[in-house]
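Labels for the chains are A, B and C, by order of writing; each one numbers its residues from 1.
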Amino acid sequence: MLAYLVKRVFQAIAVMFAISLVSFAIQDNLGDPLRELVGQSVSDEVRQQLRDELGLNDSFLQQYIRFIGNALQGDLGTSYFFKEPALDVIMKKLPATLELVFGATIIIIGLSVPLGVYTAIKPNAIASRIIMGASIIGISVPVFLTAIGMIFVFSVELRWLPSFGRGDIVHMWGPWSTNFATVDGWAHILMPSIALASIMLPLFVRLIRAEMMETLQSEYVKYAKAKGIHPFRIYFVHALKNTLLPVITVGGVQIGTMVAYTILTETVFQWPGMGFMFLEAVNRVDTPLIVAYLIVVGFIFVVTNTIVDLIYGLVNPTVNLARMGA
Amino acid sequence: MSLLSVRDLTVKFAMRDDTVTALNQISFDLAKGERLGIVGESGAGKSITGFSLMNLISKPGFIDNGQILFDGEDVAQMSDKALRDMRGNRMAMIFQDPMVTLNPVLTIGQQMVETLRAHRKLSKAEAAQIAIVKLREVYIPSPEERMDQYPHELSGGMRQRIIIAMALLLDPQLIIADEPTTALDVTIQADIMELLLELCQSNKVGLILITHDLGVVSQMTERTLVMYAGRIIEAGKTREIINDPQHPYTQGLINALPQQTLPGQKLKQIPGTMPSLTAIPRGCPFSPRCQYAVENCRNTLPEVVQYAGIEVACHEVKRLHNDRLEQSA
Amino acid sequence: MSSLSTNTNRPSRLARILNSNMAYSFRRNPVAMVSMGVFLLIAIASIFAPLIAPFDPYDPANIDIMNSEFPPVWVDGAEAEFVFGTDDQGRDLWSTILYGTRLSLIIGLCAVGLQAFLGITIGLLAGYIGGRLDSLLMRLADIQLSFSTLMVAIIFLAITQAMFGSETFNQYAVYFLIAVIGIAEWPQYARTVRATVLAEKKKEYVDSARVLGFGPIRIMVRHILPNSLSPIFVISTVQVANAIISEASLSFLGLGMPPSQPSLGSLISSGFDYIFSGSWWITTIPGVVLIVLVLVINLLGDWMRDVLNPKLYKG
């Protein structure tokens, strides 16, 4: 177990190292920090002097080491636009994105398991056919169109739900303010969460259904029936536990996609999260903020992937955690 | 009264456009504590027979006709609840391949305890105690430790022992064992069979042993059914069938045993292969492979007749028997 | 000998699959037939867009800002000239959709072509050569797969756009999109092809072909590749649908096709600002076209998966 953990952590560090290299390369080539600092109207001499002072004439390696050193201390540069430390800017936006992802994840897990299991157990029922039909439409509608469609119906036509922003949020702790404390907050987060879940949910329903149907064909399920085990226990203990293994793997892969979809969802709903901020930063060529976003997103991605791998190892008894670490 | 009485059991499979008959009017009886062997090549319908006794045929198969009277009740007509109460409790099954029979994500203990608790009101601790006793009966070393292990941590032979222990958990009246050693190493096959025989005898449990191996049948069972293309073609006391088989197919099976072959000789295989269920020939299904077949065999299906104390489905049984007597005389 | 017979049997076997089983189930499956019909209709309409479209949306001489935001003809205040109305710049929406669909399809198909080329080549190499190269390539595939394509594409295109500036970026947007979607998804193909290669490599005919002195490339392309065709077909349909969605998403974010040369995604994006003011059609109509296009491809993919039932590589 410990060896496995150590190996996973090393892998995570390696990926973070690669991300930091890419990020630094971007920082080095994108935009001109000097212009942001002093503008255009400075003589070449002063310019050179400033470059020396800022260390911009140092070797790539020296600059990279300095970059890493600063990053490890939480210093990812100062946003050109906000004139604030880039990390602080992101930390202020992070809770909004995390709450959105949380809402969507609840919808995905809460619905995909029962729907997937039901359609696998009763493949010919009318309800199953409807669910499967809806799921193929679901995977065919891009997230941003689901979002626009919902805004059009529920905000523009029916005027039931707000179309942008977070609404009334309640301050919780540090940079974290929550949507889940007020009715208005719930109303604001409802559509963005559904939109973010809209393409993942049918994907998982189909995946769980396919895996479950395969598992239900297995010898051990037939054997459980031959032992007189109740169907409920067969479905939800014997079959579902085996079904979840590949689902967890796919779930880990989908985390990155989820982050990408937050950018789309936040753009449509003008949700004040990291994704929306990232696109604005790109339009403003706010290099430190872009780089900080990459590193923070990369970090979240690496951490969640590592956690998913560990969960997989815990759920699946045939993964010998100790041996995998070797 | 017999424990099990099967009458005219017919099992079909629904195909794209029509149905295929996998079992054709099977009838046989089994007394309490009796051990019966069902022999035949793969595809003869042995396993389907075993599963239909539990009413556990997978789709698209279904019991089309017939009765399966088990302890006076018709298994083919039972409700789901009644079937659940019977399965694993009064009638238990041992599957072919122990590597895929146990659920890989549940411990041995979980899988044994759940079986007990599905049929008896027991606490988990009580159930575990019974399970450990049964594991000891099948000579599992340190059974307490095995309870917490997952199937993949155990060898195939060990797993099959555990499955035998699970079959015995609720002291059933009948155990159906479907090729219980085919998937195992040759070296442990005999051990497992011996164990099964010993436990059936000491617990007075009825056994239906499904196998392609006549040698195993001769050691394990009192009576034998020989199946071919979904029908029973010969049935009787095991000793008599082994010593003096009446059906040319059974004779072929016995002659093909390696023990019947002198060193350096070729194995005497039956020529040809068993027909697929979608293309069963007219008349006697064995006729295309039978060296004794005459015109009548190719046209009409032979009835089951009593001959020399054996039930046999062969038109020419009398002539062949007399020929053999003349030859040996 | 066995290699000769398999050699002559191989194409005919494939032809038989395509002719009998697939055609049979196709005729019996109304969903597949309708989907195929709709897909062909969209494909033909977009191929012949320059002939069908009443206006050329790329020609500024055709565009009059005074014509902007006319509704479709079945709504009050419409101009008969513009069947589906006009967009915010005064372009005929019907013509713009035709050209936009054409772009979306071209980008989707080319990107998947690139994926397939890279993936099949890498998969064949990894499976056939095996050893260190195999484990290296498959490790790479794992890493590549664990990064979301859309995320990588967003970051790559965002940085590219910031570096080159919008004008240069817009000029080459088509190529950027094809490249980024095409490169990111090769592992899907590589894994499946590799699995087939490993399965086929053990078989007799590959050995005999080798004994007969056929080169590895010939063996791979003529003997092994045909066996991976059905999974490749199934993957490709799903991938085209995904590529079209990815392209639309990127263009919607302003990281793909520019408004002057809109794909369906950028058209939807430019119309989004107007749904609050009541001009719903600029977003809705291209949105419906996009959904229908992706849906019929997905339905065809589902049908093909049912018929061919290939062993797809699972995570």
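In this section, contacts are C-beta pairs under 8 Å (C-beta built on N, C-alpha and C of every residue); 3 or more make two chains touch, one makes a residue touch a chain.
All values reported here derive from a predicted model rather than from experimental measurement.
Trainee: If I average the CA coordinates per chain, which chain comes out farthest from chain A?
Mentor: Most remote chain from chain A, centroid-wise, comes out as B.
Trainee: Count the touching C-beta pairs: is A-B or A-C ahead?
Mentor: Of A-B and A-C, it is A-C that has more C-beta pairs in contact.
Trainee: Between chain B and chain C, what is the gap in Å from one C-alpha centre to the other?
Mentor: Here chain B and chain C have centroids separated by 53 Å.
Trainee: How many angstrom lie between the CA centroids of chain A and chain B, rounded to a whole number?
Mentor: Whole-Å distance between the two chain centres: 54.
Trainee: Between chain A and chain C, what is the gap in Å from one C-alpha centre to the other?
Mentor: Computed from C-alpha means, the inter-chain centre distance equals 25 Å.
Trainee: Out of chain C, which residues touch more than one other chain, so two or more?
Mentor: none
Trainee: Please output the residues of chain B touching chain A within their complex, sorted ascending.
Mentor: The touching residues are 54, 56, 58, 83-89, 92-93, 95, 97, 100-107, 114-115, 118-119, 150, 152, 166.
Trainee: Would you pull the chain A residues touching chain C in the complex into a rising list?
Mentor: 15, 26, 29-31, 136-137, 139-145, 148-149, 151-152, 156, 163, 246, 249-250, 252-261, 263-264, 267-268, 278-279, 282-283, 285, 287, 290, 294, 297, 305
Trainee: Which chain C residues qualify as touching chain A in the complex?
Mentor: Going through chain C, the ones touching chain A are 143, 145-151, 154-155, 158-159, 161-163, 241, 245, 248-249, 252-254, 265, 268, 272, 275-276, 280, 283-284, 287, 290-291, 294-295, 298-299, 302, 314-315.
Trainee: Per the contact definition, I'd like the list of chain A residues that touch chain B in the complex.
Mentor: Result: residues 217-220, 222-230, 233, 237-238, 241-242, 245, 315-318 of chain A touch chain B.
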